[in-house]
Each structure stands twice: as C-alpha cells, then as structure tokens.
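Paired with chain B in one complex and with chain C in the other, chain A is shared by the two complexes that follow.
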Partner chain A sequence: MTRARPIILGAVGVLLIGALWELYKAIAPATGVVIGGVTVLPRSSDLAMPHIATMFLRLGQPVLGDPGSPPLWLAVLQAAGFTLGIAAVSWVIGVVVGMLLAILMQRFRTAESALAPWVILSQTVPIIALAPLVSGFGSQIPGWQDWMSVAVIASYLAFFPVSIGALRGLSSPEVAHVELLHSYAVGWWKTLVRLRLPASVPYLVPALRLAAASAVIGTVVAEVSIGLEGGVGRMMIEFASASSGDPAKPFGPIFGAIAIGLVSAGIVALLGLFLRRYRRSEATS
Partner chain B sequence: MTDAVTVSAVGKTFAVANRGTVVALEDINLVVAPGEFVSLIGPSGCGKSTLLRLIADLDQPSTGTLSVFGKTARQARTDQDYGIAFQQAGLLAWRTVAENVELPLQLHRVAKPTRRARVAELLELVGLTDFADRYPDQLSGGMQQRVAIARSLAESPGLLLMDEPFGALDEMTRERMQNELVRIRHETGAAVVFVTHSIPEAVFLSDRVVVMSPRPGRIVDVVSVELGGERGDEVREASAFFARVSAVREALHGAPAKGVRGVENR
Partner chain C sequence: MKHSTRVVLGMSASVIAAALMLSGCSSSSPTSKTAKGLTKVTLQLQWVPQAQFAGYYAAVANGYYKKEGLDVTIKPAGTDTVPINVVAKGQADYAISWVPKVLGSIAQGVNVTDVAQIYERSGTTQISFKDKGITSPADLAGKKVGSWGYGNQWELFAGMQKAGVNTTSGIKLVQQAFDMKGFLAGDIDAAQAMTYNEYAQVLETVNPKTGKLYQPSDLNVINWNDDGTAMLQDAIWADTNKLKDKTFDATTVKFVKASIEGWVFARDNPAKAAGIVTKAGSTLGTSHQLWMTNEVNKLIWPSTEGIGVIRSSLWDQTVKIAEATKDNTGATIISKAPPASAYSNTYVDEALKELKAEGVDVMGSSWKPITVTLNAGGK
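Moving on to the complex of A and B:
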C-alpha cells in the first residue's frame, strides 16, 4: 500500500494534466484571448492543441505518408533509445567528474574555496554557447563523433548536483566518527572508503536523481544545438516544422522524452534500492 | 613493567576565537599502572575529556609530557595500544552490530576467519550474540553502548579509555553495565582510564579515583578505593563502599571550586 501510493498519486497527476488540457480546449475560444495585440491565453484550436486521443492515435500511424514508413511509435522508441543511451553516458561522466571534484574539495579546503565558485558559475553558461566550443574541440580529436559532443555537453549539466550533493555527504560524518577512525590510526583513503563515502549516500541518491534529469534534458537540448540526428531532440524540431498539417505528430517525440525521463528516474530509484543499507538514517531521522 | 600511562606536568591551553585563551588543564601529574582502573571525576569543564583526549592523541598537550606504555601518545595510537569508547556509542548506522565490532579489525587488515572468531567472542562477552545481524537503530541505548565497548576491546588493548560511556543510560542498565565492565576488565586485564560524573560509579569501578577541579583544570585529590578485585552488587551495600563514596565527595566539595555543579551524588 505505502509503496503503491506514490505510483497512484503520480498516475492521478498525469490524468489531471490531461483533463486540464481537454478542459481548456473545451472552454477557451479557438483563437485564444488577445488583448491589445498581446496573446494572453493561447489558441485552443485543434492545430495548436490537438486532442490527447489524437496524439495517441497518431502514434499508431506511419511517420510519413509513403508506404514502408514505420509507425510513429516505433520511430519514437528508436529515437528515445538513442537519446537514453547518450544520456546514460553523460550521466556516468557527470557522476564520475562530480564525485572526483567533491572528493578533491573535501580533501583540500583550499581546493574547495578555489573550485566552488567555478562549479556554481559553470552552470550559468548556457548550453547553446557551449555546443560550438565542445564540437570544435572534439573535431580536433581523431575518431571523435557528434554523439560524444552531446554526451560531454549534457554531462556538463549532470556533474553539478553530484558535486554539490557529494561534497555535503562527504562532509557529513560527525566529528566523533572521524576521531574514531583517527584513533584507529588509519589514513585519508580508508576514512574515505569506510566512513565518508558510506555516509554520503543519503545525500548522493537525490543528487544522482537530479543528475539523471539534467542528463536527459541536457542531451535533448544538446542534440538540437549540435544538430545530431537520431535522437528525440532533433526529431521534435523536424516534426514541429514539417508538420503544420499534422499537429499531433510533434507530440510523439515529446512523449518519447517523457518516457526517457521516467526510465532514467526508475534506474536511479533501483540504484537507491541497492544502496538502502546506507540510507538507514533517512528512515530513522 | 612500564606504566600504562604517565602524565607529567601536562598543561593544555585552548585558544578561543575573540576570547583569548582557556586553560583547560594545568600541571597534571598522573601514573596509571598496567591493569589499574582509574576514574576521573570532577565538575563539568574541569578538563576530564581533554585529559583523555591527550592520552588518546586526539589532541596535543601545550606543556609537559605524556607517555603510553613508555611510548609517545602518537606512537601508542599508531600501534593501537588503546581502545576508546565515548559518551555517544558512535556506531556506524550502515553496519550491523557484528560489522561495527569488526571495524577496527577490518581497518587493520586482520584476516577474515580471525575477525569472525574474534567478533563472536566479543559479542559473547557483552551478551549480544543474538543481535549480531541487527543494525544500531534497532538497538536500545544500552545495547549500543555495549557494542561500542565490544568494539573498543576488539584488538585486546592494554589500555581502555572511556569518556562517560554510561552517561546516557538509566540507573538500572547503568549498574548492570558497571558489573559487566568489572567482569570484562578482569577477563582482559586491561588498564582503564574512565571519566564519569557519578561518585558511586567511580568508587564501584575503580582502584583509584582522581578528583579534579575546574578553572584551571587540576587534580585536587586521589582517593584509593581498595575494595578488592572482583566486585559484585554486594559491594554497593558494603559500609567500606559508602566510606569511599564519602571520601570522594569530601574531596570534591573541599576542592576550591566555585561550585560542584555537574556532579551527581547518586
């Protein structure tokens, strides 16, 4: 019961959004509300806001009109798998880099004061600005491919929550525990492995979840900025521009992106389950 | 035989931000023989914990010298000559009872079968064999404290340092733990430096009770207890016991302290 609760609530939330969408379509004027030339409420015509049923029906139909074209859901699924793969790579890079930064900052106070502002500033650089830089650098490396640029750019978003969460977690052990290990005359490495890392898990799991969300968003946006074909990012742009007569089509890749988000969140939740022995303090305090 | 602990003319001064300095200890001289049980008692802030921490090399003295089994405190810590238990059990929440007791052995690369056997032995000693696979949050405070004591005994140290290990326990558990400590100490033959706020506890456990006074922290008296080796609950009713309790109490009150707050007379 307690386990099913969040799932039920989540499903209710999704249904509610769908209901609001249809409700707005039903009551708002098709041309929207424009006051003094400014659109206050969006248009609710079928072109701007297709029915939810239409969106799902569209998933079953072929991508293009010509025979032999695969159904939309299959194309979306393939694109989503492609994007998920890149997002996974960027998540791993982000987690590794974030952990290393956190360990460095925890180990050396000077490193913390030197690095922390840059870590925070780094997140104010927009991906759009980053994309040409990364692909420019990458093109000088033999064998470099565009998907790698996308992974690197997305990991740039993913490392941030990990480094912040891990730093808090690594610094979380009580003085008494640190002194206990000191009394055992063990060094920094063993203290890290036996005390700091296990103690950081309750802080790390939410950070990993945030990193997964950032990795997915980063991958989709970077696919667009780099112009990488094959993922849902590019697919959204393509369908949106080419399908003014097919308004339900762009929602295919949007659903794809949502599915990626759900799957990645599920994977992190599974990871949290494996680490539950280190999360006992979450349950008790 | 070298003494377990030798403290000569030790002083400790802390620098406090914006407040100058605090003299926590001044001219402390103390010798603890091998196998001897010595309690430190005195009002809050008289430097008991500080003295224990100096012996444990968790802090360094400002003046004077300190040796543990004839070595520097640092060397003794590196050689793992002592086991330590604090007021808070300080167990690692993600480790089971057995794994917590195992921690020092694991950190010092003791072979796994040896480790297992030793942990079983220690859990038997503190009566927690049935709880080996529980996690600390599933134990009562008294049980956690026993795990911490088992852990401090893991490497059979010649010296045990204990800072109010029973401070957070109820009176009944506390007396039972005291009985156990007397027994454990006789089985292991370790010297003990024991910090407490309770006069009866100090008298019941110790060969000698060191009475301290604050500001600056000094030793004002040392009361020899001489109630015999293996003590049981009957000692708590003996007149010799009460005589010693009174002696310690007088030493405490006679101390030129501005009050003896923080000392329980129970």
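Moving on to the complex of A and C:
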C-alpha cells in the first residue's frame, strides 16, 4: 500500500492538471482576459487550447492525410525513442565528463580555481550560439553523424549539475575520516574509491536526476536548432505549421517529450535504488 | 602570496584552455569521390524538407544527379542554421538561400556567388481578412502589421515605404510567429504569408462563423511581385573562391543542370514530386504538400529567360531595395552595391544549353498550374 501511494498520487496529479485545463477552457473567455491592452490570461479557444480528448483522438489518426501513413501515436513513439536514445548518450557523456572534472577539481586546488569559473561560465552560453559551432566542428571529423552533434550539445547541459554535485559530494567526508585513512597510509586512489565516492552518492543522485532532465531538454532543443531528423524536436517545428488547421497535432510531440522525461526520470530512480545503501544521509529523495 | 599564485595559475590555465579551443577551429574540405567514382556534393537547404525544395529531392530520387556523376547529400536546416555560413565554412558545397539575406552576409565579408536563380518570383505576400479593407500597401497605415523579421521583412517595408507609409510611427508592428494563430485571433490585421505555406495554413483552418474552411474570397492579398517591391528568393549559392577551381566549376554546371531537371520533373509531375518530398521525411499534410509544390511551380514557371537565369532587372531591383529600405530598427541590408562576383550566369547558361540540346523544356511557356483542394489541417 505504501508503495502504491506515490504512484496513485502522481496519477491524481496528472488528472488534476487535465481537469484544470478543461476547467479553465470552460470558464475563461475564448479571447482571454485583456487588461489595458496586455493579455494577462491566455485565450481558451479551440485553436489556442484544444480539448484534451481532441489531442488524444488526434494521436489515433494518421500523421498525414494519406491513409497509408502511420497513426500519430506511432510516429511520436518512434520519435520519442530516437530522442531518448540520444538523450541517454548525452547523459552518459555528461556524467563521465562531470565526474572527471569533479575528481580533478577535488584532487588539485589549482584545477578547481582554474576550472570552476569555466564550469559556471559554460552554462551562460546559450545553446543557439553553441549548436552551429558544434555541428560545424563535427562535420570536419570523418564519420561524424549529426546525431552525435546533438548528443554533444545536450551533454554540455548535462555535465554541469554532475560536476557541481559530485564536487560537493567528494569533499563531503569529515576531516576525521580523511585523516584516519591518511594515518593508515592509504593512497589517494583508495581514499577516493573507499571514502569519497561512497560519501558523494547522496549528492550525486539528485545531480544525476537533474542531468537527466537537462539531457532531455538539451537534446530536444539541439534537434530543433540543427534540424536533426527523427526526434521529437524536429517533429515540433514541422508540426507547428499545422497548429492553426489541426491544433491538436502539435501536442503529439509534446506528449512524446513528456514521456521521455518520465522514462529517463524512472531510469535514474532505478539507479538510485541500486545505490540505496550509500544514501542514508540524503535529505531529499 | 599563496592566494595570488593560485589566481595566476588559474588564469593561465584558462588562457591555455581557450587557446587550445581556438586552435582546433580550422576548416578544409577537399572534394572527395565515392567508390563508384561519383563526386560527393552536399547541398544545405534553408529549412526542413518540404516541397519548397521539391526539385532537389526529385533530382536525387530520379537519379538526375547520379547521371551527371554526382552523389548529392541534402542537409536540412534547423532554426539556427545560416545556410550561407555553412557554405562559407566549406561544410557544404551549395546552399539554398534568399538573395537579400545573402546580400547582408556578402556585405559582412562572405564571398559567395548566386549560380542559379531557381525562383524567378517572390512568394511573400501580406494577407488580411476582407473586412479590414487592406487592398494596397497604403492601406497598411495605422494597422497591426505582422512581420517575421530575421531578414524576411524587407519586401514588406519596401512596399510600405514606396506607398508613403511611415514604418516607424505609422503602423503597429507585430512580431509574427511561424504559425498563423496570431492572424486568426486578430492580433495581426495583415500578416506575412508565403503563397506556398502560411496562406495555405489559413485556408486549412475552419472558419468558426461558417463551420467550413476559410476561402480565398475571405482574404485580401498584397502580392509584392505586382507592387514592384519583390526581391529574389530561393537561389543556389556557391563559394566564390572555390568556383575558381576548374573541377568545381564543372561540378557546378552539372549540379545546376541536374537540379533544373528536378524542377522540370516537379513542374510536369507535381503529385509525384510531392510524394518524393514526403518520402524524404517531410511530415507536412498530403494536400498541403501538393499545394506547396503547385505554388512553388508558379514562382518558377513560366520562366522568362529560362529557369535559373539571374535576370539583371530583378537582381538590380533586389539590390536597390536592399540599399534603400530601412526596417523598424532604421537599418538597411547593405550600404553599397555587392561585388560583380555576387552572381554569375555562366553556369546556368551552360546547363541550359546542354538541357536544350537534350530536348528539355526549360521555359515552361505552356505550363498551367493544377488546382489543389486543401483539406482541414492540410491532411
């Protein structure tokens, strides 16, 4: 029963959002609420906010008009799978790079002084400035595929929480513990493996979850930015042209993106289960 | 002391890192051949696959490029792709782009040449509902005028300025998104619309008043071709310096020739061409795709001097507008005329000569558009 509670509450939350959407649509004026020329509440017309039922019905209809084309849900599912794959690659790159940076910064104070500002600064570079650089860079390398550019761009977002979280975690053991190992003449490597890494887990797990969210967002945005075919990002820009004549259609890839987010969060949660014995001191799950 | 050492070390490490990153940026792109002896060629589009580029996709699908000894890869663009920069950096051999946008890049020092002007006419219009009474650019005064910006706004501003409308205080400029919701909701009185895309998006939407789709009779359309402020649009661009190379020079003639064959196919087989584009990965609705193929054909055919020829009168008109028109920020695209190398008819003339010898109709004088019925949502 206690196991099922979070799932039930989660489902209730989703239903509540749906109910709020329909409630707003039912009571708000179709033209929205405009005060002094500024729209303060959005329009609730079918064009701006299609009924949820319409969105789901649309998922069952073919993507194109042609009866031979697959139903929208299948196309979205394939696109979501494609995006999830790239997001997973970018998450792995982000975690590896983030961990290495954290270990380096923990080991050498000079490295921390040199790298920490760059790590923070890196996050102020917008993806739209970075994307053409990375894809241009990649195309110089023989055998480079466009999806790899997307993975690299997304990992650029994903590494950040990992490096910051892991650095805090690696520095978290009490001085007494470190000095104890020191007095045993235990080397740096063994201290890292036996003490610092286990101690970093409570900081690392939330960072991994943040990295997963960043990886998904980064992948979708990078797909839009460089126009990579196959994923939900590209689907969003392609379906935008149908948003007036077929307003429920663009919600398809949005559902796809939500599904990817849920799946990736689930995978990280599973990972957290395996690391459970190190997570005693974690305050927030 | 210790602290400052750390800062100095930190800073020098940062400088080294930056230097390493910059030294990694160098470009080279030798023309390579595939195992079958075909020359590898990359074409950078200015958007995702759609019938706007039907001719190139048809040339790939029907083997026209292969017949000329080319193995062509078509690269779609994303929202942040600047096709001309991709060519300038040597990451693609050719790019499709609008002339005014490229004139701006040329002014900033990019060396590219228009080697074939595929679209002779402009597809940009300003549309409004009949009840707004906007039938000419002068009527835009005092109205909420939609504009996409990003280099898509110049014909609109040229048209208004020609009609004496003050484009800073005389209109209410509205930033238009890439869909027509703002227009349909009344945020915009007159919206920018491509004949082959946004115009159709409106006609695919159900009019809540009638319960049927909006009809062309519901709309007023200002066509910049009629107004005399049209600017040249889709053209094939190549790197000017690379064109000095004899081999690339010959490749360009072949590429232009096969591309034109593709466009001739799209003219004579619009439904098949639309199908090819959909097969290439476009997810536009079936009737929308066919509509786009047909409308794009209208921008090319019938051709005045042969498809792809850069007509000096239209080029000069485009340059003149680019020099004289100020947008809402007060900027013009260019301050002086582009160099003579900005366009060349050498390649397209040669390509047309070969095609004519093969008996291909490159004028389309007797071509008539088909009638396309749009369905709700473009399906």
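As a convention for this text, the second predicted complex is superposed on the first by the 277 of 285 C-alpha atoms of A that agree within 3 Å, B and C clash if a C-alpha of one lies under 4 Å from a C-alpha of the other, contacts with A are read in each partner's own complex, and residues count from 1 in each chain.
Heads up, the rule we're going with is that a residue touches a chain if its C-beta (ideal position, glycine included) is under 8 Å from a C-beta of that chain, and two chains touch if they have at least 3 such contacts.
Being a predicted model, the structure only gives us computed values, none of them experimental.
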*Clash or fit (per the criteria above) of chain B with chain C on chain A*: fit
*May I ask you to decide whether A:198 touches chain B, chain C, both, or neither, giving the answer as first, second, both or neither?*
first
*Have a look at where A:190 lands relative to chain B and chain C in the superposition and call it first, second, both or neither.*
first
*Classify the contacts of A:70 with the two partner chains as first (chain B alone), second (chain C alone), both, or neither.*
neither
_Quick check on the superposed pair: does A:245 touch chain B, chain C, both, or neither? Answer first, second, both or neither._
second
*Check the residue A:181 against both partner chains and state whether it touches chain B (first), chain C (second), both, or neither.*
first
*Please indicate which partner A:266 is in contact with in the superposed arrangement: first for chain B, second for chain C, both, or neither.*
neither
*Could you let me know whether more residues of chain A are touched by chain B or by chain C?*
C
*With chain A at the apex, figure out the C-alpha centre angle toward chain B and chain C and round it to a multiple of 10 degrees.*
150
*Between chain B (first) and chain C (second), which, if any, makes contact with A:60: first, second, both or neither?*
neither
*Applying the touch criterion given at the start, work out whether A:278 contacts chain B, chain C, both or neither, answering first, second, both or neither.*
first
*What is the minimum C-alpha distance, in Å, between chain B and chain C after the two complexes are superposed on chain A?*
15
*Which residues form the common part of the chain A surface touched by chain B and by chain C?*
none
*Mind listing the chain A positions that touch chain B in their complex?*
174, 176-177, 179-186, 190, 194-195, 198, 201, 277-278, 280-281, 283-284
*How about chain C: which of its residues touch chain A in the complex?*
6-7, 9-11, 13-14, 17, 24-25, 27-28, 47-49, 76-82, 85-86, 89, 91, 178-181, 184-185, 197, 201-202, 204-206, 278, 281-289, 375-379
*Note which residues of chain A are touching chain C in the complex, please.*
31, 43, 45, 47-48, 62-66, 75, 109-111, 113-115, 117-118, 128, 131-132, 136-137, 139-140, 223-229, 234-235, 237-246, 249
*Using the touch definition up top, name the residues of chain B that touch chain A in the complex.*
56-58, 77-78, 80, 82, 84, 86, 88, 90, 92-94, 103-104, 106-108, 135, 137
